[in-house]
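Letters are used for the chains, namely A, B, C, D, E and F, taken in the order the chains are written, and counting of residues starts over at 1 for each.
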Amino acid sequence: MVYLTRLEHFNAAHKLYNPKWSKEKNEEVFGVCANENWHGHNFELFVTVKGTPDIDTGFLMDVKKLSKIIQTQVIKKLDHKNLNLDVDFLQGKMCSTENLAIGIWNELVAHIPPIVKLHCIKLYETSRIYVEYFGE
Amino acid sequence: MVYLTRLEHFNAAHKLYNPKWSKEKNEEVFGVCANENWHGHNFELFVTVKGTPDIDTGFLMDVKKLSKIIQTQVIKKLDHKNLNLDVDFLQGKMCSTENLAIGIWNELVAHIPPIVKLHCIKLYETSRIYVEYFGE
Amino acid sequence: MVYLTRLEHFNAAHKLYNPKWSKEKNEEVFGVCANENWHGHNFELFVTVKGTPDIDTGFLMDVKKLSKIIQTQVIKKLDHKNLNLDVDFLQGKMCSTENLAIGIWNELVAHIPPIVKLHCIKLYETSRIYVEYFGE
Amino acid sequence: MVYLTRLEHFNAAHKLYNPKWSKEKNEEVFGVCANENWHGHNFELFVTVKGTPDIDTGFLMDVKKLSKIIQTQVIKKLDHKNLNLDVDFLQGKMCSTENLAIGIWNELVAHIPPIVKLHCIKLYETSRIYVEYFGE
Amino acid sequence: MVYLTRLEHFNAAHKLYNPKWSKEKNEEVFGVCANENWHGHNFELFVTVKGTPDIDTGFLMDVKKLSKIIQTQVIKKLDHKNLNLDVDFLQGKMCSTENLAIGIWNELVAHIPPIVKLHCIKLYETSRIYVEYFGE
Amino acid sequence: MVYLTRLEHFNAAHKLYNPKWSKEKNEEVFGVCANENWHGHNFELFVTVKGTPDIDTGFLMDVKKLSKIIQTQVIKKLDHKNLNLDVDFLQGKMCSTENLAIGIWNELVAHIPPIVKLHCIKLYETSRIYVEYFGE
């Protein structure tokens, strides 16, 4: 079993704001992250798959194809977007890095070719905060 | 002459959108950066001052005081903000990294203690794009 | 199960020196790290907790609270300190990165809120050497 | 159980080219990586061992000895080399990062001192692609 | 005057080998870098232009156009190539990082739009070695 | 004119403490940096030389020789040392990053071969603070 990881980037706006709460409660819980006019981040997304190298290629899978799948299924929906307003798979959920990582897993998992298995989504919100999700 | 640099961070939303132009022209010129629902970045701000080290301290100036000045004069106005909507010194200007660097210089320069001189504002928008401004 | 990691920094002096051994034996075993006048490092500390995101916040726990706990329980005791002389929880132990990581776990574990579990302490001594400890 | 990781570097040329296939099929499968005149990378190699810290040293093992073992058993064979032509343990195998990581594990494992166990080979081909191998 | 910098990457093979010298002299002068079977690097290329921001866009120039010019004029000729064998503008020159930076300047300078001026080529061969060239 | 830069590292202890002042004044001016039991850093040292590439080698100078000069003249005196107690060229001076950069310039400048000129000492104390000195 070998693990292969690909890094992709996206830049997005979001806010942490629970519509069931008052503005005051949102500011109390989320502080500056609740700014109604949004803020944003350069997200760094590490996608890890696992499997056995093919004898003829030496690859688990072609990492350029992995990159293309991540671009098509995830980055296109997130890059230069507003996570709260523009992203279908986050509708009705809080826009935390935790929920974003879970959402990215769910978007990707059906599109990973069966020769490998999706292992981990690791998502940096800033250089000092990241989240990992292993699918369960 | 010695140069001293301090790095600070801020996370902000913005869009590149010229209100004098149609939506179509904005999309043609700015592409995904014109998304009306905003996007955002983790900005990295390097502030450089220059001068001569003091004999008693060995310092050009106390770098913690420099950090505090940057925090008070700049970061507080930019961090977790919308650059287009929330930042007084960007009103009426395009929210490019170029204009943001010039604006940061103008906000800081009068607050730098006279024992040093402000030398450079270096501003990363992403890890692959940065702008430098030397005050003229 | 989601994993959330927060990075904190501290700068400290230490030496690798076993008081039960002669100066010669210490120099033989630890080389330049045994310099009696100390040396030091910029340590980078990654603290990982695991749990389930809260529905109302989207958070495992508020990462600012996690940062505050790490600051109060660990960084305040280590930053700008001498690990051999100033740190109560390292008394009687060798000041290796391994023992420092274990000590940090022990200081933190009782202060992590019960909605999550402490998962990993990852500690960089330099950009080329790091240690991980999972609590057992 | 504590985990200790050491980073080493090497610079090497390689190509992805299956000699059983035509030039056309190689270019179709491997794209620019099949360039017959080679290309190359700055590889970053993280080697992780696990064990229990020694009471007298605080060490799993002396990280300088670990570095020396990696240098002697692996780096000397790979640094400033052509992976396809110059490296005995890659003969007859495709020169993928996956196979290189497995090969490095096999070269190292018998030379790791028995006080620790080899845990992981993590190998960056570029800053955006890496592979991990845990020995099985 | 504002300075705008864009980072691009390329991976290439090369060797340091002066065909006017014997193999022995090449090995004496260039050491492992003279390996006849080549070695390689992940090069990082920073291209800086300078000028005045446009009022309507806030840009010196569109950084995506700058990226495209670098891709077309330089990266396409260097990425996944052998610098000694495949690159027309290095023919008859030693393949040092110094000469590569000068060559990149010469390839780019005529293609930079006249609204800005090419200011600097900064080229990393490894994370510990880089070269800068300002055109004279 | 081309500029060539080499990065070296050293780990050292120091404190900011003016012996002409009381303990109270030192703590007031230098805060935690005045801790009498020292603290320390992983310093990163960038040394830049400038000159014209040699036709036969393509080099300003052999970067391995530059590295060796920095090692011999500077790193050996600073690495795993106490800057206040162990370093002859800092005696009688405050151990600030500013003075350390000037001291490194003075140690190096006479040992740089005349085919190039020493251009800049850039010294990181932490990833957020650095100093540059150009020799005057």
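Assorted remarks:
Just so it is clear, contacts are C-beta pairs under 8 Å (C-beta built on N, C-alpha and C of every residue); 3 or more make two chains touch, one makes a residue touch a chain.
Just so you know, these numbers come straight off a predicted model, no measurement behind them.
Minimum number of contact steps separating subunit C from subunit D: 1. Chain centre most remote from that of subunit C: E (centre = mean of CA atoms). Chain centres were defined as the mean of their Cα atoms; on that basis the chain farthest from subunit A turns out to be F. In this assembly, the C-alpha centroid of subunit B lies 29 Å from the C-alpha centroid of subunit F. Averaged C-alpha coordinates give centres for subunit B and subunit C that are 34 Å from one another.
Computed centre separation for the pair subunit C/subunit E is 41 angstrom, with centres defined by C-alpha atoms. Residue positions of subunit D touching 2 or more other chains, listed in rising order: 127. Here, these are the chain pairs in contact: A-B, A-C, A-D, B-E, B-F, C-D, C-F, D-E, E-F. Of all residues in subunit E, only 16, 18, 20-21, 29-31, 93-99, 101-102, 127-134, 136 touch subunit F in the complex they form.
By the touch criterion stated above, subunit D contacts subunit C in their complex at residues 1-8, 53, 55-60, 62-64. Looking at the complex, you find that subunit A touches subunit B at residues 9, 11-14, 32-33, 35, 37-42, 79-82, 85-86, 126-127.
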